[in-house]
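This report refers to the structure that appears directly beneath it.
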Amino acid sequence: MTLLRVEDLHKTFGGVGAIQDLTFSINPGTIHSIIGPNGAGKTTLFNLITGLYEPTRGRIHFNDADITGQPPHVLARHGLSRTFQNLQIFLNMSAMDNVMVGYHLRCDGRFLPSLFRFPSVVRKDAEYRERAAALMAFVGLEDYVAADASAMPYGALKRLEIARALAVQPKMLLLDEPAAGLNPSETLAIDGLIQKVAGRGVTVVLVEHDMRLVWAVSDHILVLDHGRKLAEGTGPEVRSNPDVVAAYLGEGGRDR
Amino acid sequence: MGFWQPRRAGILALAAVIAVLPAVLPNAFYYDVVILVGINAIVCVGLNLLIGYGGQISLGHAGFFGLGAYFSAVLTGTYDWPPLAALATGAVSVGVLSFIVARPILKLKGHYLAMGTLGMGIIISIALNQEVDITGGPDGMPVPAFAIAGWEPSSEQTWYWIVAALLMISVWLALNLIDSPVGRALRSVHGSEVAASVAGVDVTRYKILIFVVSAVMASFAGSLYAHYTGFITPDEASFFHSIEFVTMVVLGGMASTFGSLVGAAILTILPQLLTVLHDFEMLAFGAILMGTMIFMRKGLVPSLVDLAKRARP
Amino acid sequence: MIGRMLVRLGRAVLPALMLCGATTATLQAAEPVKIGSFLAVTGGASFLGDPEKKTLEMYVDAINADGGINGQPVELILYDSGTSAKQALTFVKRLIEQDEVDVIVGGTTSGETMAVIREVEKAGVPFISLAGAGVIIDPVKKWVFKTPHTDRLAVQKIFDDMKARGLTQVALLSGSGGFDKSCRKNAQELAPEMGMTIVADESHGKGDTDMTPQLTKIKNTDGVQAFLYCGFGAPTSIVAKNVSQIGLTVPHYQTQGSASMKFIQGADGAAEGARLPVAALLVVDQLPDDHPQKQVATAYRDAYEKKYGESVSAFGGHAYDGLYIVAQAMERAGGTDKETVRTEIENTKNFIGADGVFNMSATDHLGLDTRSFVMVEVKDGNWKLLQ
Amino acid sequence: MAGKPLFLQWLLISVLAEFLQFLFSGVTIGATYALVGLGFAIIYNASHVINFAQGEFVMISGMSTVSLLAVGMPLPVALLLAVGITVVVGVALEKFAVEPARNASVVTLIIITIGASIFLRGAAEVIWGRDFHSVPAFSGSEPIIIGGAALLPQSLWVIGATVVVIIALRWFFGRTRTGKAMLATSYNPLVARLMGINTRFILSLSFGLAAMLGALAGILIAPISLTYPSVGVMLGLKGFCAAILGGLGNPMGAILGGLIVGVSEAMTAGYISSAYKDAVAFVIILVVLVMIPNGLFGVKGTERV
């Protein structure tokens, strides 16, 4: 039983292969990490899985459905959500409304009910506002419930993005460098948050440079190099893989 | 969610202004200016949904305004349709047209979108200018009076209440929309298209939706304008008129519905005030526009709100 | 409570704000005669509106220096419509409702004029338009008059001249403004009546800087015997230049829209040989001494050129006529009662103006004879009266 | 028998002559659009501002030339001075209107430059009046006949000057320190600043350069188009089209964009419909943009997420 199955995936940009011959699968309910040096194609892979890029070749299956080439908002319906390496916060909105956008699929997005504020719309909005507040508390943002996103510090915005992604109620959450730009104690807290999220039964897929975080939380690791799969397995398996040691850790590693 | 949340307060303030104005306005000329403010404000409330909330610029909305005006003028004048039917036909046709052009045009971003909408508006305005047999050409055409089942609003006072009521409705609906799932989706598209789509928002759909809504509102206001003034020219659809609408929205403050009202009011009244400067009118207008935007770059209403917040910590 | 305060505040402030917008030519103790005007001083037709404004201002001063009308000083209240029909309408409401003018002389373009007619008729204020379209006074509207020759008459003059030279196949080029389109429409309508054929019908856009493609097409059209350009402003000169550039040699006609020395100067020699109908004003020196307009037109031209240091155009003449028709009507009426003044304007007889001799009536709110509209040819950088 | 080939030959020649005439017109006008469009591109590169007052540079140089000639200056001196005056106006525009609002949103900056264009037009009307004026052609107005089509010497000036500008700009951006600094600033202003480039100076310089190009267009076109306070309005708009069509921020794209707009206008006027020639030009632009959303040579906007 797999949640995500990637088969023979290729993506080229102007003739240069960013992802090549990639096949792997992810089982539900675990924390997976995708690691590799800069330019290995990690973010490209995320963008392919979440529908921001269309693959040049290959197929992606999610939850037994072929989702290849589907746009992101359709994938959100399937239960896929993500955060971004470069924060993509709606800075023109309040923190609460950022999370509320995550609930978009649960709310009534039709035009006329919104235009005339049907009672059902008002009721649902109120209900999801409460849920959003709870979600913000869950990620540790209880102090920012009434804040504008543009007035929040960087670390809080990272959490806000996770809260928004969780509001989509995903089966699988892809986190693109959740610890980047954070100090060690904040990183530690993110570590805890990721485990809490996984504890809710959400499958977490992680791209991360902070190896300490990777080793600490991952159940399963996929190593990419130049867009190809270099190795796959549990933490200890990957660590002892000679290819990985040679190609990646051998270069001095990124143990910050 | 108290009763005195800002949007309720804003609507009440607007209602108060509308109720008090007739006691203040000394003659039909003042009514005329206020009616024009109201008609422009309806366009701006719609355009602000597109530009301020949806983050999609349009330099071509006067095209829709002009089309609405000409639909009303031609259908009632040349073909003797009842004004309401003409107005509705105009709004529906503009809705369909804007829906058709929205998909390709809204693929463009930023300045390219500005160019695309500008081109669309100019094409409409050229057609209105050139099709002399239908539109009367650059010298314009008369429009029969507005009438519903024999009732004709002839005085400025009557028009004032009609436009005021329609403006109130527009503002009310716009505020509803902004504070709703659709409004959040729109603002999220403005904030980050990728993040919005990942959160499940069908970005293209909402962009098209709000483009069509704003176009229909412009067409509606155009029809209203045509019947009110009784005479229209293709200038209503010109590029400069589009720029005027955008300037109203930006000057008043993007993503602020009441800002749009203030912007529409200022840009409609300002030329009347500046006549005192004679030859320096245009120069002063440009200077005021520049100065306001330099010193209040978020636009009047948001800047003043910020100022008030800072003054009262 | 607050509401009432707002009302009082508004009553005090709003009118004060807007009052300061009024143009005050003179501030004298006696109750002034108020003449309202809205002109396209800026925008597309500024080329026409500018001399109109200058003329009105100059002669209102002159009238006041002579003791005003019926002993009352004249106050000119003038607004710039920016060549926008929309602005024109608002300004007319302002003139009528706020400034409470006694009469309106203005409306540079036909579009602006047509836009305000409904308002003027409703309010019952005598209005003399300075625009060309015949539809302004045909059918006759109670309160609306005009001074310039109609666009239709101009085209008629041109076609007459062509026919006299045995030219019947005309190529047409027109701009995209109101004046241009109206001239084109008149040409299309008049051609069959007058036995002319329009063999080419081209147009150019706003702000175009080169019309050689259109002219080349005309040049390569079979059977073109004469070329007529409908338009005004800078394009008149550009067209003349382009005509000579591509060697279009058929007789070249333009309209009264080109009746300004700027046309000749701007064409840089290329306007030579072009013919157009103009008000006699422009060739006043060539008029015989017994011509009725000789004296009036000479005086106007000399005064205008002295005051503004630029050569006179026919457009300012429309404003001159409008102003003096009103002034004389008011003197005959012995006051400013609108109904009486209107009747007296209608009774204008043998008024000698810049545009010609006016004889208005209840059925003719223009009242110009066609004799004062003459054909001229550009020769040696000046107008030459054709006989 | 001999009549037929002769007729065909005549037909060919006249068709060719007609085509050439349209082409000359299109290229001349296109070159003007290109020069104006270049100004848009250069300012956009340095500051990501769309300067809607670009057309007013064209007007200011033309009107200045008229005034300078009127006080008796020789033509070359008047032209040089007119360009100088325009550059001063351009730099002042940057210093007093754009610089103080540098971090404002794109739309705000657009409105500021629109305000500036209204202001400059208003000022021109106060200073110079509303009449149109002519400027003598640089080297006579006797047309040169090429292949049966008549070309004005002034057109050669316009086209020649555009070619010189292209070469000069290539040299400037490719070989000089200042030019390279400008390019660097356009790619990444922050890094450029960190590398010691005076980005404020670059900003002023870009406005000066754009004003110079606009002024150049102004003095070159004035003998053809005449000059008046609103002459820059349509030229500015078409220049914007040129810059967008070519791909914003790519100077060579702006040149090509200008030529495409100019030639398509002339060809449409000649072969299809002169009434709808401007509309056709805009349809072409729309179609190109819908197919290539970043213009012909625009930087592909791959969003980094």
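Letters A, B, C and D mark the chains as written, and numbering starts fresh at 1 in each.
Assume contacts are C-beta pairs under 8 Å (C-beta built on N, C-alpha and C of every residue); 3 or more make two chains touch, one makes a residue touch a chain.
Here the structure is a predicted model, which is why all the values come from computation and not from measurement.
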Chain nearest the overall Cα centroid: B
Furthest chain, CA centroid comparison against chain D: A
Chain A and chain D: spacing of chain centres that average the CA atoms, whole Å: 47
Centre-to-centre distance between chain B and chain A (centres being mean Cα positions), rounded to whole Å: 41
Distance between chain centroids, defined by C-alpha means - chain C, chain D (Å): 35
Contacts with 2+ other chains: residues of chain C: 42, 176, 203, 205
Touching two or more other chains - residue numbers and ranges from chain D: 125, 275, 278, 305
Junction residues of chain A - those touching two or more other chains: 52, 84, 88
Contacting residues of chain D [partner chain C, same complex]: 14, 18, 21-22, 24-26, 28-29, 32, 125, 129-134, 136-137, 141, 143, 149-150, 152, 221, 223-226, 228, 230-231, 233-235, 266-267, 269-270, 274-275, 277-278
Chain C to chain B touching residues, read off their complex: 3, 6-7, 10-11, 14-15, 17-18, 20-23, 42, 79-80, 84-87, 89-90, 93-94, 96-98, 109-111, 114-118, 133, 176-178, 180-182, 185, 203, 205
Of all residues in chain C, those that touch chain D in their complex: 41-43, 46-47, 50, 176, 202-210, 212-214, 216-217, 220, 233-234, 237-238, 241, 245-247, 262, 265-270, 310
Sites on chain B touched by chain C in the complex: 16, 19-21, 23-30, 32-33, 36, 126, 129-130, 132, 137-140, 142, 229-233, 235-236, 271-276, 278, 281-282
Complex interface listing, chain B residues touching chain D: 51, 57, 104-105, 107-112, 114-116, 119-120, 122-123, 126-127, 130, 194, 239, 243, 246-247, 250-251, 254, 279-291, 293-294, 297-299
